[in-house]
Each structure stands twice: as structure tokens, then as C-alpha cells.
Amino acid sequence: MVERCRNTHPMIRSEGRRLDELRQVKITPRYLSQAEGAVLISLGRTWVICTATVEERVPAFLQDSGQGWVTAEYDMLPRATHSRHPRSANLGKPSSRSQEIQRLIGRSLRAVVDLDALGERTIVLDCDVIQADGGTRTAAITGAFVALCEALAGLQRQEIIATLPVLDQVAAVSVGLANDQILVDLDYQEDSRAEVDANFVVTGRGQLVEVQATGERGPFRPALLLEMLERAQPALQRLRQAQEKALRPWMSLPW
Amino acid sequence: MVERCRNTHPMIRSEGRRLDELRQVKITPRYLSQAEGAVLISLGRTWVICTATVEERVPAFLQDSGQGWVTAEYDMLPRATHSRHPRSANLGKPSSRSQEIQRLIGRSLRAVVDLDALGERTIVLDCDVIQADGGTRTAAITGAFVALCEALAGLQRQEIIATLPVLDQVAAVSVGLANDQILVDLDYQEDSRAEVDANFVVTGRGQLVEVQATGERGPFRPALLLEMLERAQPALQRLRQAQEKALRPWMSLPW
Amino acid sequence: MVERCRNTHPMIRSEGRRLDELRQVKITPRYLSQAEGAVLISLGRTWVICTATVEERVPAFLQDSGQGWVTAEYDMLPRATHSRHPRSANLGKPSSRSQEIQRLIGRSLRAVVDLDALGERTIVLDCDVIQADGGTRTAAITGAFVALCEALAGLQRQEIIATLPVLDQVAAVSVGLANDQILVDLDYQEDSRAEVDANFVVTGRGQLVEVQATGERGPFRPALLLEMLERAQPALQRLRQAQEKALRPWMSLPW
Amino acid sequence: MVERCRNTHPMIRSEGRRLDELRQVKITPRYLSQAEGAVLISLGRTWVICTATVEERVPAFLQDSGQGWVTAEYDMLPRATHSRHPRSANLGKPSSRSQEIQRLIGRSLRAVVDLDALGERTIVLDCDVIQADGGTRTAAITGAFVALCEALAGLQRQEIIATLPVLDQVAAVSVGLANDQILVDLDYQEDSRAEVDANFVVTGRGQLVEVQATGERGPFRPALLLEMLERAQPALQRLRQAQEKALRPWMSLPW
Amino acid sequence: MVERCRNTHPMIRSEGRRLDELRQVKITPRYLSQAEGAVLISLGRTWVICTATVEERVPAFLQDSGQGWVTAEYDMLPRATHSRHPRSANLGKPSSRSQEIQRLIGRSLRAVVDLDALGERTIVLDCDVIQADGGTRTAAITGAFVALCEALAGLQRQEIIATLPVLDQVAAVSVGLANDQILVDLDYQEDSRAEVDANFVVTGRGQLVEVQATGERGPFRPALLLEMLERAQPALQRLRQAQEKALRPWMSLPW
Amino acid sequence: MVERCRNTHPMIRSEGRRLDELRQVKITPRYLSQAEGAVLISLGRTWVICTATVEERVPAFLQDSGQGWVTAEYDMLPRATHSRHPRSANLGKPSSRSQEIQRLIGRSLRAVVDLDALGERTIVLDCDVIQADGGTRTAAITGAFVALCEALAGLQRQEIIATLPVLDQVAAVSVGLANDQILVDLDYQEDSRAEVDANFVVTGRGQLVEVQATGERGPFRPALLLEMLERAQPALQRLRQAQEKALRPWMSLPW
């Protein structure tokens, strides 16, 4: 059990962050001028461009259902990381890690969208990591929510949809256990040393949309799950504020 | 929130299963004669062949580390499912779903293997679904553990390794919320109607190796996580017994 | 010429098989519950799952022809063989060997199906080798015939087709020349030492559907072709009996 | 059985060919100036460029065996055929038909090469169909043999090998049954109407290297195999003469 | 600047060619019998087969525009070059060089075709290099123009189009700077030593369709561009004469 | 000829740009913190991230030559454009357009680098278009030059190389002919209406590195080439100033 490898020296985080303190977050709305939604989210040195595209079609399994869809794609620029990794297009396919992440982003956002009210159209969320320092998938979810709202507000402005089909806010944060301490919003160095690694996708009302927790260096006790979530609350609150700050000038928030 | 769509009619499971009852499980050890480990696990109509291959090499990032590796691949036969799906080889790559699952299987088994004691070799676990009726990933983890033990016991018999480098047993089960009821070990029909869908990978000592929980039709309250895990305990116990029954004739169990 | 390398020591086959003796054959009908046809055929340690899927469409070149189609796909699980081979999905395509074999299976079964009576639908035969010890392609043909009959009998039961559009039985066996002796139904070891290697696909009436013969270690005299076929007759008879035994409980045999 | 559909009108072949008459054959040796061997073979309107490349390496399974290898690749230009087919490079892989054919070409030529005398090097035979009118695989084998001899003679001239490691001549021809008549060297129209289609790869001494026979429209009686081969003898003789005529000016023929 | 590395010894070209002299050019019209247009162009040892296929459809972006399209594909046989290169189909895609070249060929020919007069159909030009000794892309353009005219004349003969929709002739030649001398129509050896390498695609009236010029070993002075073009005029004239000689027996030339 | 379609109304450019006026250019040096060189270049609404990576290896053809290499990769985010295009990784390969552009970027920068002084290492330039409004390839070249200098200056600071192996500055600009007027630095709208489209890659000393000119809607007179280059001089000067402004704070400029 990971709890045994207790380390009496408390973990010191870079730039003096407290254990439950989010890195500096900034969400730039309307980042690009040609997309229906486009956001640059930076979380410390993790930067992700999230765009939202409205497509007037749905996947085959939803045709004639009256229901819409939200899907996501995720990738990293080759030099987003400390050392260069090969370009996905040259590998011939998205990496399995990218595919796993983009499925997570899609599920996370669908959970807060009223797909019936959206109508038979698809919102495609492209999350491209410009710079990676841990927490890219949670930053992508948090940023993609803002891009999604931008795109939906646009549909509303054009009177294509009557109301904003957003049921609640959604944001995500990573939490880890390292040296028997719970850390919130891990950077790359922290993440690579963590014994337990979890990602929580949480709504504005504090409900869970998705939890993924892994014992990277051995199993962990079940109660840790809710302890980690508890410690993540201030960071989640901070992320929701950043989302609202980015959106409020452009639209009225329905949640 | 999913809790709202309460349904006063209790869910009736096929074949009269209780809510927390595992489907009939059978693990056939030494299923094939040419692999170091080979198991057929059936869980109701979900059948998975799990083989273990010993390779005397490790991935590049472990070379000269003295440490071994455990990895997994997962696929489904085209007609494992109710309607035929295209063969992965014709698609040109494993599906993103397969890749996500094989990463999960690999992490789950690495968590109970002492990679240092394994030495610089790789155990490859091939999990091929012959018939699918829900819960293929959890069946694959549970069966792959037995195939892994077979292969490691073989290394021990040949005196390539001194002791069995298995730290604990590991098994996995799915749990869902449907009509406000917690169901354990969902079949395909149940899974497609569940509002919340979770997979728990749990050791013999009751520690968690991996948790994945998704609100398929909206968010869910955090406490549900531990309630689900609690309801899964009898099924997990039953799976561990089936693993032990399959292994005991061939080896002494170290946990 | 291979005839020259005569070896005075007669070849001894494993498990005391006679030169023209088939390995133990077993065909399990209705092996899986979700496919229209599904068979497990075992021929010694060669095991193949053959499923038949009915698709209500035909390839483009048959559209509006009133004629049906039968096609096959073939693959091996990575650890069907003595040492593990890479998964086809990871190679990005079926191996050229697999493609050659699946074309052979398709031709062999089309030869005994009345494609006009089948009507504009396709039967897809998936042949997946679970364990390989020589003769996988001939086992696949022999097993796929049974799966095909299961699926066609189902169409008849549902009154989608009036009569079973099967013109004759078809089965296949390998024959080789090793040490100047003709061997029937070669296992992997025998196959790798054979000087001439042939596969015969033969109907119930003893007509040929397909012959492939290769001088693996030099050319051979033409008359050997018919001598080999002659020696294969008891094995072919045995395979046809196994097919009939598997099918008779479920349907009346039209040939 | 195909024999039943007897047609009293004898088949008339284009350009008044007799039933067993080869189309006009021409083999241009030293067709290209940069390859070790290069031949243009035309058989009526079927044209194939065959080049031979000497590579001073062998596949992994032959390393340090002292033995050489002969392998082949086969493709068609997009507009070799009556209507254009997609370029293989755009499909992302050779077609399964091409792969089947190139395996046949490789086996056919290896059967007449003394791989030990060749030494640890590989001869790669590239067979590219410029124009296709039936019989491309047999033309490729016949032409590739000449290109192979050119390359081997070059090695001998450079004193890299002492003797020409060619055990015998090899040529191939297609034979078909149409309207109950045996036709030799089928063109595309004839091939598409044939009930039985066979390819014979035959050495100078009349031994078989490879036989492939298929009942395209139903099974056929075994004796037909040798009858077809018998009818092919004049055509095979004619092909061997064309090979010798192409080679004799440049080298002494060892067979 | 490349001009500095002046070499007082004049460059001697193989076979005594003058600096501005084209290699021997030969264009064989109606080279293949099954394509709407088919040409073998040889320029010294550079040989390219160019075929033209008429397809009664246009790319999506031209549908219902009334306008036609001309597109090209380019590839090399594996042994067109001095040492063998891998077959594009095995690489899984056309090389980036091939893609760049085929885009150039397409643009070059579209520039002299009246796409409105062509109507909603596509001419596909397949340029396959049989033997390569420098200048394959310019030979492909020059040859493809003839194949294109053959195909268009065929459409006119069938009265599918009223007039030949060709606005002007087009031909292409390479020009290089080596040892401070301008060379026209470089062979492979010359090309690999050139400091500046340019390709000019020029109409019958002397207008430019495309210019590509690269300082392979450093930058060059702008005026060189027009000096190179000036030196290329006799070669371009010679190419146009060869095109006309190939076409005149079959059609009246509209330019 | 394009000159004929003269239009008496002068073209009015968006935002009142003069015909030869560059869009607003901004080069942000040291844009990312983990790459050896990283620049964001914006040219109006065309934004490109250019990173430079130092790899201590060279391509096979340069091994043991003592010489270094500079290469480039280019791609666009899916929503860089007005409508979304599929992600290259999903297409399985870079588009042919991307491949053509990345070859151009590589050639352009190699022309101003002293590859001998660089030593046996490779600089990889990744140019990823964040937002596209015409001129992405010329912006990529101009930005990549700055990223390259950053990386080389870093090698110099670490005393891995003695001097900055940069022979001259290099920048690129597009020029077009529309309505008989020469326009410099075309945006997407202008580019799609241009009759002639050219890209000039030019050194600080005014020498050409690469010219590509295409008659998009018909051929053009040769003299236009130098007229276009002449009109591009102020824009090229402006680009070189922006490069110098970005670099001067961090390094001494060697040209």
C-alpha cells in the first residue's frame, strides 16, 4: 500500500504553492476570430487552445433522433513537451493516450449539455496543447466548456436555438498523492512522482461527471477517493470563477 | 442529477439475478497448450481468452533498469457482439475504445506485480473477447491475472525467477446505477440503460488499483462512489475465489 | 527433384498417427449465442472459431443482380502460435498470408452455394484461429461450411429463403510429401519439413473446388497431385462426417 | 458440375488463336539500364516490366545461415486495366490480390535457385504490370526468371559468385475450362468467362513448382488437372524458348 | 552567393551535349490500348508512362458548377532509380516528393485547359516513371499534355464535347546553374551537382504557367531567373515539336 | 493571358492597406519555455507557432559527414481555418499541401545556415498554424528563422558551437496579381481571387533562396516575376526588421 512509504519531509511545491492551491489560471475568450468558440486556457505552464465548431449534422446513430451531440479531439504540438515527440500525423494516428483523453473530454461536456435542446447538430471541441506541464486533460475540459458556451451563445444570438442548452458548469482538476500528502493540480514533475493520480470532473453544483483514479505505484485505500475530492474543492471553485469571468462579458450565464 | 429520475418499479435482472449478484463465472486455466499462460474466462455470455507471453526484453525506457514490465493488448472478434463490427486489422488500428481498455488492463496488473523481482523481462497479456455481453474489460482484468500467474509460475519452475513476483490478487467488476438502484456486474442491456457506470479494480486486501466512474446521463453525487464499491464486495470475493480455484491445482498461492 | 532425397527411415508421426490419418476432429455447433452461425472446430491442437453473419446487402458489383455473395475474413490471435506474433490491428492491416487465406475460404464456400437462391444478401464468414498447429486454412474452410449452414438454416426457418441454397458439402485437408511419403493433415512440425505442400478443397461428391500445391523445396512430378488427392479421401470422408454430425440435430441436410 | 453445361458451339478465340496456342510473346532483355536485371515481357496485350535488384543482405530468419533469398513484389499501374483502379499507394497498402501474387512469384523462383550457392544476399524481383489483359501473374513469373538470370549472370561476371545458381528454367501459364473446352493462356475476356481457372508453374524438365486451380463457377473433376497441364505443354515450351532467346546473347545457359 | 564559386573549367556534359541542348526526346502516342490517352515519353534515360483517364464526375467543390477538372498522380517504379527504393504502396502513402510533383503536374495542365468547355468531368493523368535520370517531373508534364490531348480528342470524336478545350500547348524543362554555367535539361548527375535548380512550365506562346527555382547550395541573384528561362527556349521549342509530331497524325491541333 | 482581363476599378484591400503594404506583423520571441527556440509570429490574422528543437543526430545520409541538418514540419490546427478541416492525425498522414510546405521551409532555412559549422546535429523546426488567413507558409519561414536563431544562440551560449552558423537573414512574402494589379502579402480572400500567385524567399542581401510562381487562372508573362519581386521589397524589409527586433534583446546579430 502506498501509504506505507511515508516521508517525514513535507513536499515543497514549486513557486511556494500550497498543497491545495491551483496554479495561476487564465482563460482568454474569443481567442481566435474564425471559430464559433475559441479559448486559450493557461494553467501555469500548461496552455491549451480549445475551439468549438458547430456542424449541422450528427453521427449516424443519432440521425432523425432530434438529439444533438458533443464530441472532442485532443492533441499536443510536437514541442509542447520538454523533449520533442513525433507529430501524430506522422505516426499515422492519434496516440492511444490522445484517444483516451478525447473520449473523456467528450463525455465530460455531454454531461452538462441538454442534447435534446441542442437539436440535431454536433459541437466539435478541438483541444490542442501548445505547452504541457501536467494537467492537460483537465485544463482541456475546463477550457472546452468555455469554448462550448461561446459557440452555443452564438447559436442563440442567431436564434437557431431558443435557450442556452447548458445544464450546469463543468470543470476538472487533477489530484495526486505524493509522500502521503494530497496535492491539487499537479505539474509534470509532481505528477511523475505521485503514487496515486486522480482526475475529477465536477459540475457547478458539486456533482461528479467523471472520476478516474489510478494507483500508479500500488493500490490505495478507498476512502482516499473522497478525501482527494474534498481537497480539490477550492481549486474547482477557482476554475469555475475563471470560466465565469471569461464568459460574463459576452453572455448571460444560465446556471 | 440522475437521482431525480427515480423509478418506483424495481429493476428485474435477467435470469433472476439479485442486484449485487455476479453472473456465473468460470475460469479455465491452461486453456491453450502453446502459451506460457492461457485462460478462458466466461462471465455469463461474456467470454475472454487471456494469454500471457514472456518476452526477454523490456521497453526502451526500462533498459538497464533491472526492472520488468507488464503490458496488455485487447481486442474483440468481429462477431463477439450482437451485430458484426469491422475487424480492427481492416480499420488499420485498434479502436480508441480498445486502446483505452488495454491501457487499463496493463495498469491494473502492474499494480500487483513486483517489477523489480520480475527482472528485465516483459509479460504481454493478450485479451481477446470471443463473445461480448457487457463487462469485457473487467473480465479481461480478472482473467489476465490468472494467465499472468500461470506464466510467472512457469518462470519460477524453470528457476528463472526465485519467487513469484505477485504482491496481491487483483480482480475487477463493473457497477452501475439504473433506476436509482445499484447493480453489480452489468450485462450489455443493463449497461446501455445505466445512468452511472463504474469499474472498480480491487486487490485481495480490498485496496483500489483503479476506479473509473462516469455519469452517462448526467452527473452524480460523490458518495455514490463508495456505495457502489461497497455493493461490489461480494462479487469481487466471488471472482477472487474463481481465480484461486483455477490456480490452486498448479501452484501455491503467495498472497 | 524432391523425389531424389529419399530417406529410408519411415516418418513417424506424433501420437502414432497413420500416414493418411486425420487428427482428432471436433466441431461444436452453435458455439456462440449471438451470431447467426458459430462453430468451434478443433483438429488436434488447431482450433478455429468460425462465425457466419447475414448482411442484407451485397458488394457494389452485385447490386440489382438478384444474386447473393459469400465472403470470408481470417486472422489469428497473437498467441495462437508457439511464439507470439504481432496483432494484425497493430500492423495496420491483415498480413498478406491472412489475405491469401481469406480469399481461398471465400472462393471455396461460394463454390457450393447457389448465389441466386441466396438472394441479394451477403454471408460473412469470420474465421479466427485460437490455436494454430498446422492446417488452419483447411480447418477454417471445414468449420466455416458448418457455420454457413447454420446461418442459412436460420434464414430458412425465418422463411426469408425458401430452400437451403447449399449445392453440396465442402471440406478441405492438407497433404504433404516428406521423406518421399505422402502425409495427410500435417501438423506444424510436419508442415515445416514437407517438401511438397498441397491443400485440397473437395465437395461431398468428390469434385475439386480448389487445389493449391507448392514444391517448397524444389519441383515435383505432376502425377503426385492425384496420388495426394487419393490418399486424402479417408480424411475428407471423416471431415464430412464431423460436419454432418454437428449439423444433423438442427437441420435436415440437403445434399 | 461444370462439365454439364456443355456448349455445342466451339469457343472462338480472338485473333483466331487455337485452343492451346500462346498469345504472341516477346521478352526484351536489358530493358532498363540501371537495374541488375530488367525485362519487358509482353504476352499479347499483357505487358509486365520485371526488374531484379541484388541486395547484400537477407531477411532476419536467414542471417548467418550462409543462404540467400529471392523475393518478389507485384503491382499494376492504375490504368493498366480497362477502367482505372486506385493507385496502391493511395490505398495505403498493396491489394490482397497483389500480395497473393507476389508470394506466388517468390515461391516460384526460389524453387529453381540454389539458395546456398547464391550466398547471403537477396534478389528482389519487381514485377509491374504496364498493361493487363489476363495472365499477368504467369507473365510476371516467366519474365522475372529472365531478369533474375540477368542479375545472377552479373554477379558471376563480377566473380561474386562462382557459378550461376540456377537449377532449372521456370515458366508459367494459365489454363482454363470454358464451354467444356480447355483453353491455354487466357486473355481477360476468356478468363472472366472460364468455369475453371488454373495456373501452372513448370520447370524446364516438366516438373511442377506450383499449381493453383479454382472452380470459379462450381467444382470440377480431379482428372481435369492433369488434362489441363498436358494441354499447356506447347505453350510452356514456347515460353521457355522465348526466355532462352532473350538470355542466350548475354550468358551461357546452365540448364 | 553561388556566383562566387566560379570554376574556370567549362562543364562537360555526357554525350557531348551543348549547355542548352535537350537530351534525345521521343514521345510514343497511343502507347497502351486500353486508356483514353497513353504516352511513353523518353528524355534520354528518363522514361515516363503518362495515361489519361476520363471520369464522368468532378470533385465535390465543383459539383453543379458546370466546370470540369484535371488532376494528376505521379509515382516511380521501385527500380526506376540507380538503387532500389521502397514501393510507395508498402510505405502506405505516396512520398511527399511524389505529392509535391503531382500537384505541380495538375496545376500545369489545368492552366491550358478550358475547364468550362470540358464540362463536368475529370481527366486523371497518371504519370509513372519507368526509368529516372533527372527531369522526371518536367518529362511527366510534357508527356501528360499529349495524353491529355489524346483523351480530349477522343471525347470530341464521340461528340461528347464540341471543340477541343485546349487553350495552348504546355511543356516543361529543368534548368540549373553549375560551375557558373547555365545548363538546360539536367540529368541526374548534373542535377545533384547544381547550385541552383529551376523548373519552367511554359506555354506555346511563351507564357509562364509555373516557375520553381531553388538555391540548393545558397541564394542566387534575381536576374538569373530570366536568364535561365531565356536559355531554355530552344529546348522548349524542341519539346513542343515532339508533342506536335506525336499528336498530328491523330488530330488537328487547335493552337 | 491574365493580363487581358484588365479591370478598371482598382482593388481595395481590407483595412485600407496599400498594394505593397505588409499586414501588421508581430514576432514574440521565447514564446514557450521548454523549447530551445519558440516564436509566435502573427501577420494580421495569420498566426504561426514556430519552435526549434536541437537533436544530437543527423539523417542517415549525413552520418560521419561532420555536417548538420535543418528540417521542418508544418501543420494547421483543425480550426485554424474558416471552416474546420479534419485533423491530420485522423487522416493518417500529413496532407500533401503540408508536405510540400514543410519541404519548402526546410530548404529555405538550410540556405542560410552553415551546415558544416553547425556540426553533426539537426535543428527541427515545427511550424503549427494556429490561425490561417493567407500567407501561412511565408509567415512560417519568417518565424522559423527567428526560432532557429534562438536555438543556435543557445548552443553558442552553452559553448557547443563557437560561432552562430547563420550566413544571412531570410524572410518570405507572398505576392499576387489580381485585376492586373500586383498585391503584396495576400490575405485569404485576396489569395483566392489572385490570377498569379508567387512566394519569394529572400535573404538580407536581397538574394533569392526560392521562388514559386503559379498562374492560377492561366499563364503569365515572364517579366512579371521580377516586377513582383521588386514590389515585395518594402514588405521584406519590414519582415527583416521585425525579426531583428525580436532577436536583438537576446543575442548579437551576425549578419
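By letter and in written order, the chains are A, B, C, D, E and F; residue numbering begins at 1 in each of them.
The criterion applied here is as follows: contacts are C-beta pairs under 8 Å (C-beta built on N, C-alpha and C of every residue); 3 or more make two chains touch, one makes a residue touch a chain.
Per UniProt, the chains are A, B, C, D, E, F = Ribonuclease PH.
Given the structure is predicted, the values throughout are model-derived calculations rather than measurements.
Hopping across touching chains, the smallest step count from subunit A (Ribonuclease PH) to subunit F (Ribonuclease PH) is 1. In terms of the stated touch criterion, subunit A (Ribonuclease PH) and subunit B (Ribonuclease PH) have no partners in common.
Interface residue usage between subunit C (Ribonuclease PH) and subunit D (Ribonuclease PH), two copies of one sequence, is largely shared: over half of the residue numbers at the contact are used by both copies. Relative to subunit F (Ribonuclease PH), the most remote chain by averaged C-alpha coordinates is C.
Subunit B (Ribonuclease PH) and subunit F (Ribonuclease PH), compared by their mean Cα positions, are separated by 52 Å. Distance between subunit E (Ribonuclease PH) and subunit F (Ribonuclease PH), defined via averaged C-alpha coordinates, is recorded as 27 Å.
The multi-chain contact residues of subunit B (Ribonuclease PH), meaning those touching 2 or more other chains, are 92-94.
Neighbouring chains touch in a ring; in the direction leading from subunit D (Ribonuclease PH) to subunit E (Ribonuclease PH), they appear as D, E, F, A, B, C.
Residues 32-35, 38, 45, 47, 49, 51, 53, 55, 73, 75, 77-82, 84, 87-94, 98, 124, 126, 128, 130-131, 133 of subunit F (Ribonuclease PH) touch subunit A (Ribonuclease PH) in their complex.
Taken in their complex, subunit B (Ribonuclease PH) has these residues touching subunit A (Ribonuclease PH): 1, 92-94, 96-97, 99-100, 102-103, 107, 111-112, 167-168, 202-203, 205-216, 218-226, 229.
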